[in-house]
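Report on one structure; see the data block that follows.
First chain written, first letter: the chains are A, B, C and D, and each begins at residue 1.
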Amino acid sequence: MAVIESGIGELFQKPDVWGFREWVHKHKDKTLTSKLMSEQEAVAKFVADGDYLGTELYGTVRAPMSITREVIRQGKKHLRLVGQGIHEIDLLLAADLVDSLDITYIAWEVYGISSILRRAVESGRVKTADWSNGAITWRFKAAAMGIPFIPTLSMLGTDTLKYSSAKVIECPFTGQKVTLLPALFLDVALIHVHRADKFGNCQIDGISGFAFEMARACKKLIISAEEIVDSEEIRKYPEHTMIPYFLVDAVVHAPYGSHPGEMCYKYWRDEEHLLSFLEESKDVEKTKAYLDKYVYGVKNHDEYIKLVGIDRLKKLESMIGGR
Amino acid sequence: MAVIESGIGELFQKPDVWGFREWVHKHKDKTLTSKLMSEQEAVAKFVADGDYLGTELYGTVRAPMSITREVIRQGKKHLRLVGQGIHEIDLLLAADLVDSLDITYIAWEVYGISSILRRAVESGRVKTADWSNGAITWRFKAAAMGIPFIPTLSMLGTDTLKYSSAKVIECPFTGQKVTLLPALFLDVALIHVHRADKFGNCQIDGISGFAFEMARACKKLIISAEEIVDSEEIRKYPEHTMIPYFLVDAVVHAPYGSHPGEMCYKYWRDEEHLLSFLEESKDVEKTKAYLDKYVYGVKNHDEYIKLVGIDRLKKLESMIGGR
Amino acid sequence: MTEYNETEFLICVASRLMENRTVAFVGTGIPMLAASLAKKMHATELIVAFEFGGIGASLDKLPLGVGDSRTFHKAVIASGICDAMETAQRGFIEYGFLGGAQIDMYGNLNTTVIGKYWPPKVRLPGSGGANDLGSHCWKTIAIMRQHDVKRFVNKLDFLTTPGYLTGPGSREAAGLPPNTGPFRVVSNLGVMGYDEKSKRMMLLKTNPGVTAEQVVQNTEFEMLVEEKVGTNDPPTAEELKILRNDVDPDKLYI
Amino acid sequence: MTEYNETEFLICVASRLMENRTVAFVGTGIPMLAASLAKKMHATELIVAFEFGGIGASLDKLPLGVGDSRTFHKAVIASGICDAMETAQRGFIEYGFLGGAQIDMYGNLNTTVIGKYWPPKVRLPGSGGANDLGSHCWKTIAIMRQHDVKRFVNKLDFLTTPGYLTGPGSREAAGLPPNTGPFRVVSNLGVMGYDEKSKRMMLLKTNPGVTAEQVVQNTEFEMLVEEKVGTNDPPTAEELKILRNDVDPDKLYI
């Protein structure tokens, strides 16, 4: 049962199971007090320079855009990042706050490659380690389970494995080759949800992406929510709770928090905004101008909403499909 | 990364990942046709002598009692079983249909030990291998993930590990000792749900126990449902689907299918029936008499309901708590 | 003084061990009653976790089993076994309540067999979640309704659930999480803890009318005895009132 | 005959490869349009799976991304990445649709970098779900919009997603599931399959007006050519009508 192959990629965050346990034991407060706060307070308190940060779900879909913009406004530096992403990762990279990336996919789907990612990585500014999408998510799952690694049959035989930090062993039960993925414990995670109570009990509509796993794999968790609802309402349907309050450190009320991305059953993606950013992102100066206007140029998410315009947001609401 | 310790328990079902893949590839029908059938037909078609069988959830809680009784009526023999259980496992053991048990807990909670389990195991009729509750469930999870094993930090240092077929290795990332659990692929699983459409898309209210994992870990899956609803209704809330239809082989309409156990938000457990069985189960002849009356003595679940009496069932409905 | 029975006393003693604003993993029976009482007394924000997925239920009504609908009534989440066990495995659960047919001086427990493994003299229920709780909770509390030499034994017939295994350092050597392990044993004779250095069971408090000598004599292994053994306060009138009127009004357990 | 553009043709060719009553794992772009068209033509019971958790959506409206709300509208389940990927890993997904910047003769794909790994000449998106699909789906179909020697190459700069790796038996030797692997390549010039014995890419059909010779010349590696190379039928009037009126009425892609 020897290790047959070891990926040569750097392990940007070590799978420290005991360290994680000790941390949550010491820091996770189970008190039923309100964690409602502004995005400024949440980010100032719970995001630190050098943190390993994760965002859920995916740039244009239920993404914590308002919190991401606040992280940039506060200039949190030397971040290590896990993406999976589009717009949110692009912004963090463009603001030059990122040292390294565990990457599975950063691009604009049918619209193609991310120019910002290209500049960041091709220049040698940002280090990368590559994984499959399943692998990254299973790394969260391992952390959420509290175990140091998890097996998969993905990545075998490929450079994706070679440039990751996965290992290949022989299964002691079947003799087959198996990839072992190191658990990925995040320092801080940002998750945007449909509704939460003030304590942090959260519900998500539609696909859950990797919210379940990431919420359980992080030391610090900032929730932004379209709606803050009564705790009694959440507790009426405990089977719909995706994230219980004792995992959560901050709850930020952020209507349209996923803009310019979509929020299912709430509002459609702002295609015009996204396409215009995509075009601007090809040019360094225009990218800066975008950041100046939409991130640095507003004090907070309220101002961002005003800048985008409530009429436009109402129109996006009218465009989203029902059930 | 050598194997440090190997449990000496028998592996009643080998973690054959490739065999499972080939089987589902060949047999799982993705056609959108009705799988509604009687319990007789479902059990005759999908349970075979010698099968490795699993039931979800737990004797007195959302258990597939009506299907279990049909398995006994049809006298399916030489079953290997995984329990976790109370009443359903007791009945199968009492009917002498079981050769071996992967056991984590079989008893009556506050009411104590299972006399039927004692007779079956102490006589040497039924072989056992022991696991923790987490371990059994993670074995389903490994199978549901399609991997041959999964790590845990449970069972280390104990006889529970020694008499299981788990293995202990050193983690190649952290150096810590880790238990490896072999995936548990079932031949057939029985799951009772709140509602299903005729194709087999299922919703469950309240805790989900290990329904998610078991539904994905079995070759053949028989669903019994309190209610058969329109497919459109289920598809309106796809985030509430626990089991999609392509995992399912048979859908049996079984109102009060969990009796004498409870079904949350539907009916409370039949405490009188359970306590009387518990008393009878201490005696071999009385146990037989119970089986004669409630299992062999009725043709099907409809007759069982009549035997129990609709007044009694309505009363149990009135006793269940709301949200 | 109000009259009370032994079960009521056990429940009150266990209840007082429950710390507010922590998560306690409990099973049916005394731990559940103790949790329910604690939530109505000093630990209103106690989060009670059940292994089948109910976490943070109101416990307005007493559950009859670890999976019944009362274990997730008004809960913060109703998920499944994996989520519950993984919450423990990654260090989110402070207290785990256990029981057993046998306990040894390191707090290891047997709930599997009496006699040899197979076929056994007596087949007990098996681990259930106990091994997981004993492995992952920060502190475990064992409830032993009957304190005698057949139950507090030198050597377990089967080590189902880990306590301190063979003594100091042995949990860590086996791969179990650092700084975890047995915390208290509540029996019908008193409350035991563990000597910090030797990790051996030590009598801390006796119940009213019970002497330290009695506890030692009813224990097969050598029970350590704290220098000044205290006495457990009997149930207060308020504890008994809440227990009888609110926790278990239908007299299911008491 | 109706006029059509290259994209429309690619979509129709890919669509015809989709088998009714199977599960197809697709990404945005051509595979999604092809799936949507297939569901409205011959494969009404096609189950389309998206990696973020939408499985079996109606696809009434065309999604813009693999996670948007249209990927789970009226779906049989809206779960998450783990469930979707694990469904593939345990053998429930027949077809996986892939794309890439480079493909080699064994159907291996590169979507990671051009040049050395780091820092690369061109940083591409990365694997995303492609490696998982290429590992676990029973059959994969690669869509290559531009068939030329820079894309159909001798040696990939980076092997992101496994095809037949280095030839017969090498997938199995690497630990990948038996009897899986590349099935078809759809390009703007034609449709390729794989020689059963050598596992090397083989031209099966050319598009109207394209010769086998052209395909060979636009491929850097030695392209095998089937004895009797067929011709892909151009889009039918019905295909085009449904594609334009029902699948993509807003002209998002075509």
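Keep this in mind: contacts are C-beta pairs under 8 Å (C-beta built on N, C-alpha and C of every residue); 3 or more make two chains touch, one makes a residue touch a chain.
Since the model is a prediction, treat every value here as computed from it, not as a measurement.
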| item | value |
| --- | --- |
| Centre-to-centre distance between chain D and chain A (centres being mean Cα positions), rounded to whole Å | 28 |
| Centre-of-Cα separation between chain D and chain C, whole angstrom | 57 |
| Gap in Å, rounded to a whole number, between the CA centres of chain C and chain A | 39 |
| Contacts with 2+ other chains: residues of chain D | 54, 72, 78-79, 82, 88-89, 136, 177 |
| Residues of chain A engaged with two or more neighbouring chains | 17-18, 138, 145-147, 152-153, 176, 178, 206-208, 236, 238-239, 323 |
| Chain-level touch network, classified as line, ring, star, complete or other | other |
| Which chain pairs touch, all of them | A-B, A-C, A-D, B-C, B-D |
| In the complex, chain B residues that touch chain C | 57-58, 60-62, 103-107, 109-110, 113-114, 117-118, 121-124, 127-128, 130-135, 137-138, 141, 152-160, 163, 168, 176-179, 206-213, 262, 264-265, 269, 271, 320-321, 323 |
| Chain A partner contacts - residues on chain C that touch it in the complex | 21-23, 45, 47, 54-58, 72, 74-79, 82, 86-92, 94, 136, 138, 177-179 |
| In the complex, chain B residues that touch chain A | 1-3, 11, 14-18, 142, 145-153, 167, 169, 171-174, 176, 178, 180, 182, 204-208, 236-240, 323 |
| Complex interface listing, chain C residues touching chain B | 27-29, 51-54, 61, 64-73, 78-82, 85, 88-89, 108, 112, 117-132, 135-136, 158-162, 165, 170-171, 174-177, 253 |
| Footprint of chain D on chain B - complex, ascending | 17-18, 20-22, 24-25, 28-32, 143-147, 201, 216, 232, 234-236, 238-239, 241, 244-247 |
